[in-house]
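Paired with subunit B in one complex and with subunit C in the other, subunit A is shared by the two complexes that follow.
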Partner chain A sequence: MIDFLNHFLLFTLAGIGMLLVPLAIGRLVRPRLPSPEKDAIYECGEPTIGSSYVQFDLRFYVVALLFIIFDVEVAFFFPWAMVYGNAMQLADGNLGDEARRTLTNRLLTAPGEVGQEITADAAHWLGVTGLIDILVFFGVLLVGFAYVWKRGDLDWVRAVANAPTSADRS
Partner chain B sequence: MSNQPLFWIFALLTCGGAVGVVISQNIVRMAFSLIVSLGSTAGLFFLLEADFVGATQLLVYVGGTLVLLIFGVMLTASGPFQQIRVSPGETFLGAAVGLLLLSVIAFTVIDVEWDTLNAARTEASPGAESGNTARAIGLRLVGIPADHEIGVHEGRGGRTGYLLPFEIVSIHLLVVLVGAAYLARAKRRVADGSTGGEN
Partner chain C sequence: METGWQAAGDLETTMIPSLAEATIRSFLDGAIGNAGWASLLAAVVHVALVAGFFGVPAGIFIWAERKISARIQDRLGPTRVGGRFGWLQAPADGLKLLQKEDLAPKAADQILFPMAPYIVVVSSLAAFMFLPFSDGWIAVSLDIGLYLMLAVMSLEVIGVILAGYSSGSKWALFGAMREAAQMVSYEIPMAICVVIPVVAAGSLNLNEIGALQGGWLGNWLIFHDPFTFATFFVYFVCATASCKRAPFDLAEAESELVAGFLTEYSGFRWSFFFLAEYASMFAVCGIATLLFLGGWHTGIPGLDESVQGLRGSSASWPLSWLANVLGFGVFFVKSSLLVCVQIWVRWTLPRLRIDQVMMTCLKYLVPISCTLFLGAVIWPLVLSATTGKTTLLGEPLGERAAPALEIQADTTMTGREGDLP
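Let's look at the complex of A and B:
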């Protein structure tokens, strides 16, 4: 518990520090010689055209929507992957007793009694079942992916790609 | 709890971010406040030893939903420093809904017997105490119930953990995916109605 807390604190503080230290060093070291060119927005000599507050293309939004779906899907993959990897290690028949016990305890996240280790057969069964589960899970989503792909939502240059089709239909 | 001060800091950040979203009238600052709020919520999850939920919060909400939100801002923003004005009626409605939700949550928190629940939780999965929950969740998701000894009661059927909900989740995601694609297409049809392209 304390160990976990220390990790968490270290991570938070390192994250803040790594951001602040380069900024502070830059502030102390850099020369300060402003000129109108440097004060320009991109400071590379190119004058900007118009404002950046334009309405962006809807395609960005669609891609972000699709991204979130697969983001959630990937989040569900992580616990499965941990179990699958562990089960496949346990499915190795040549594993020593000590290693088998360690892996069992890790898989069940609980210290088990001696003699309660998961056998290679059971682990193999677990791994194969898990693989089928995730293939069904992923297969259902692939249907959606195929649908989106087929309907052309993934075509970035959409207008050009679809122009002849819509002209044909109408 | 030994992490009480840290928990308070993150709880204050969460609430502060949420209040910032409500108070601010600049939509970009609102988005930033939401990042603070959702990120601190992930911190709270980590402090409560729910590592998987915390990571998912970061991955899906901070990494995904906020990107969507910022794209939404980019779609709508029509000028710098645009202010959002709300009518008194909207303020009243929003406050009423917010207070109702708050009271629901408050009553739930008061009603739950936390000591009994904690004891049951510790008994069900001892490993969860040290913030190592992903494997336990994974086992449930591939269909091993909490009290199932792998390889011992293997022959017995009928107890499948959360395998069915797991597969239903993928159906839900499929529905959302198709629905989102359909809605986006409908919007685009309205946006460039001149082409009249039927997709």
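Let's look at the complex of A and C:
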């Protein structure tokens, strides 16, 4: 863990340094001639109107909500996928004894006694159980996704499509 | 960290010093005599190496993009800088940008505006920490390496939002919001696509996943089952979009948003957004190479075995080093070809509209990747119920996964004590 933190700290510092050092060197050679025109923000030559901290569309909020729900879900897929993948490798009847022992030890955190390897049959049923687990877990999300889709929240131009047009009003 | 098995149980201690690190560390242990300092120095060496891998390919791809785009548009591209082919164009551009005035608009946030490129560069550099360039050539080999790499890479979006929000410009704000919506949306199918090869490999350790794809071409995970084959292409589309490359480069859509979140940036700060983008392209293509295309393996067992034969049993350094250099060459060629495909796509397809981009993701890629995920999960179970095997062709995947695992366990047990020959 110390190693990882060492690395992470050093990579962060290196990333900062990669930008900071050239910028510091550049300070010696680059001009610095500010003018009101240069300090203004760019809006294609037009004078700007109002602050740029405007409200933006609520659609982005829906996207962010979808992302959070899906991403939390997928984060739980990763450990499951490891166990399931291991079980499926063990479920192969042609697997040699030595490989079976190694993979059993990877699946179980403590090494089993020799001769207590997970059999292909047991691994198959572990896989079936895992599949039912993930179907329930994933199914809940997919039902929600289908509901959001049906409601039309995935349509980017929904607001425009449903807005009353001048033709409707007249 | 005394034995491999204890390590396997505890996520915190599953740090596996790679071969490169183990040799650097044991060398430094002898010279310095303090394990802590040796480990720190080894980390410094890694940072220097990986920063090279970060900068040099990015420079090459910037040049390649200019040449390829020029050829596609019937132009010549850079021809003069550095003699023939203009191969020094990227460093020359860097030098030019260094001399440009460092502008920040008055309306911009004076702290967040200069900070944004740092976040982008750090997150995209730190992702390389977990990428194995060759068997064991990896700065930090973790049993959750793939997961962490994706997590660190997705931090880039924070820098993008910050850049757009702090610019004080409406173009930049709109560009950043679009970019954020796009990047987070495409992360969903991308993450699901990444889980699919993990279901086959049973591991999140990128080095292990690479190692178990040795042997014939058919052993690459892309050919493992029909679902991984389809997944590769879905992953590649998502990866292109998450690097904000055309046809998904909505954030920098010149025709409607000037330059998106980059509008107010100039000079060197601006160039680092691009360097990070090209480095991210290499990183996502590197993940694709490792997960689907056999990593550092050529796909021809004879060739791979003779390279691995260089390594030998005694792991004498010049030969094992040479084996790794050759492995790195194979990995680099594969990843670079994928990057070239991204460049090719950029200059061939027109840009999508924002609603088309979001619809492609939410209404096509997400359902497709969910279907592929379920298919890839059910496939081995159906095979095992009907035929008793879990792979359609060839030997069981476990036969290759177990040796890959044992290599890892060996370095775990011996590398830490520094008792390599």
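Here is the rule we go by: the second predicted complex is superposed on the first by the 108 of 170 C-alpha atoms of A that agree within 3 Å, B and C clash if a C-alpha of one lies under 4 Å from a C-alpha of the other, contacts with A are read in each partner's own complex, and residues count from 1 in each chain.
Just so it is clear, a residue touches a chain if its C-beta (ideal position, glycine included) is under 8 Å from a C-beta of that chain, and two chains touch if they have at least 3 such contacts.
Here the structure is a predicted model, which means the values were calculated and not measured.
S.K.: Once chain A of both complexes is superposed, is A:16 in touch with subunit B (first), subunit C (second), both, or neither?
M.R.: second
S.K.: Between subunit B and subunit C, which one contacts more residues of subunit A in the superposed model?
M.R.: Looking at subunit A, the partner in contact with more of its residues is C.
S.K.: Answer with first, second, both or neither: which of subunit B and subunit C does A:95 touch in the superposed model?
M.R.: Touch status of A:95: second partner only.
S.K.: Go through the superposed model and pick first if A:76 touches only subunit B, second if only subunit C, both, or neither.
M.R.: The first partner, subunit B, only.
S.K.: Given the touch rule stated above, what does A:156 touch, subunit B (first), subunit C (second), both, or neither?
M.R.: second
S.K.: Examine A:35 and indicate which partner it touches, taking first as subunit B and second as subunit C; both and neither are also allowed.
M.R.: neither
S.K.: Tell me which partner A:66 touches in the superposition: subunit B (first), subunit C (second), both or neither.
M.R.: So A:66 meets both subunit B and subunit C here.
S.K.: What is the contact status of A:8 with respect to subunit B (first) and subunit C (second): first, second, both, or neither?
M.R.: Both: A:8 reaches subunit B and subunit C.
S.K.: Is A:103 in contact with subunit B, with subunit C, with both, or with neither (first, second, both, neither)?
M.R.: Once the two structures are laid over each other on A, A:103 reaches subunit C alone.
S.K.: Residues on subunit A in contact with subunit B in one complex and with subunit C in the other?
M.R.: 1-2, 4, 8, 12, 51, 53, 56, 60, 64, 66-67, 71, 74-75, 78, 81-84, 86, 106, 109-111, 134, 138, 145
S.K.: Taking the complex as given, what residues does subunit B use to touch subunit A?
M.R.: Per the stated touch rule, the residues are 2-3, 6, 43, 46-47, 49, 52, 55-56, 59-60, 63-65, 67-68, 71-72, 74-80, 125-139, 141-144, 149-151, 154, 163, 166-167, 169-171, 173-174, 176-178, 180-181, 184-185, 187-188, 191, 195-199.
S.K.: Mind listing the subunit A positions that touch subunit C in their complex?
M.R.: 1-4, 6-8, 10-12, 14-16, 18-20, 22-23, 25-27, 29-33, 38-44, 48, 51-54, 56, 59-60, 63-64, 66-67, 70-71, 74-75, 77-78, 81-96, 98-100, 102-103, 105-106, 109-111, 120, 124, 127-128, 131, 134-135, 138, 142, 145, 149, 154-157
S.K.: Enumerate the contact residues on subunit C facing subunit A in the complex.
M.R.: Per the touch definition, subunit C meets subunit A at residues 5, 8-9, 12-13, 15, 17, 36, 39-40, 43-44, 46-47, 50-51, 55, 94, 98-103, 105-108, 117-118, 121-123, 125-126, 128-129, 139-140, 142, 144, 146-147, 167-174, 177, 180-181, 184-185, 187-188, 191-192, 195, 198-204, 258, 263-264, 267-269, 272, 354-355, 358-359, 362-363, 366, 370, 373-374, 377-378, 380-381, 384-385, 388-391, 395-399, 401-403, 405-406.
S.K.: Spell out the residues on subunit A that touch subunit B in their complex, using ranges where they run on.
M.R.: 1-2, 4-5, 8-9, 12, 51, 53, 55-56, 58, 60-62, 64-69, 71-76, 78-84, 86, 106-111, 116, 118-119, 121-123, 125-126, 129-130, 133-134, 136-138, 140-141, 143-145, 147-148, 151-153, 159, 162-163, 165-166, 169-170
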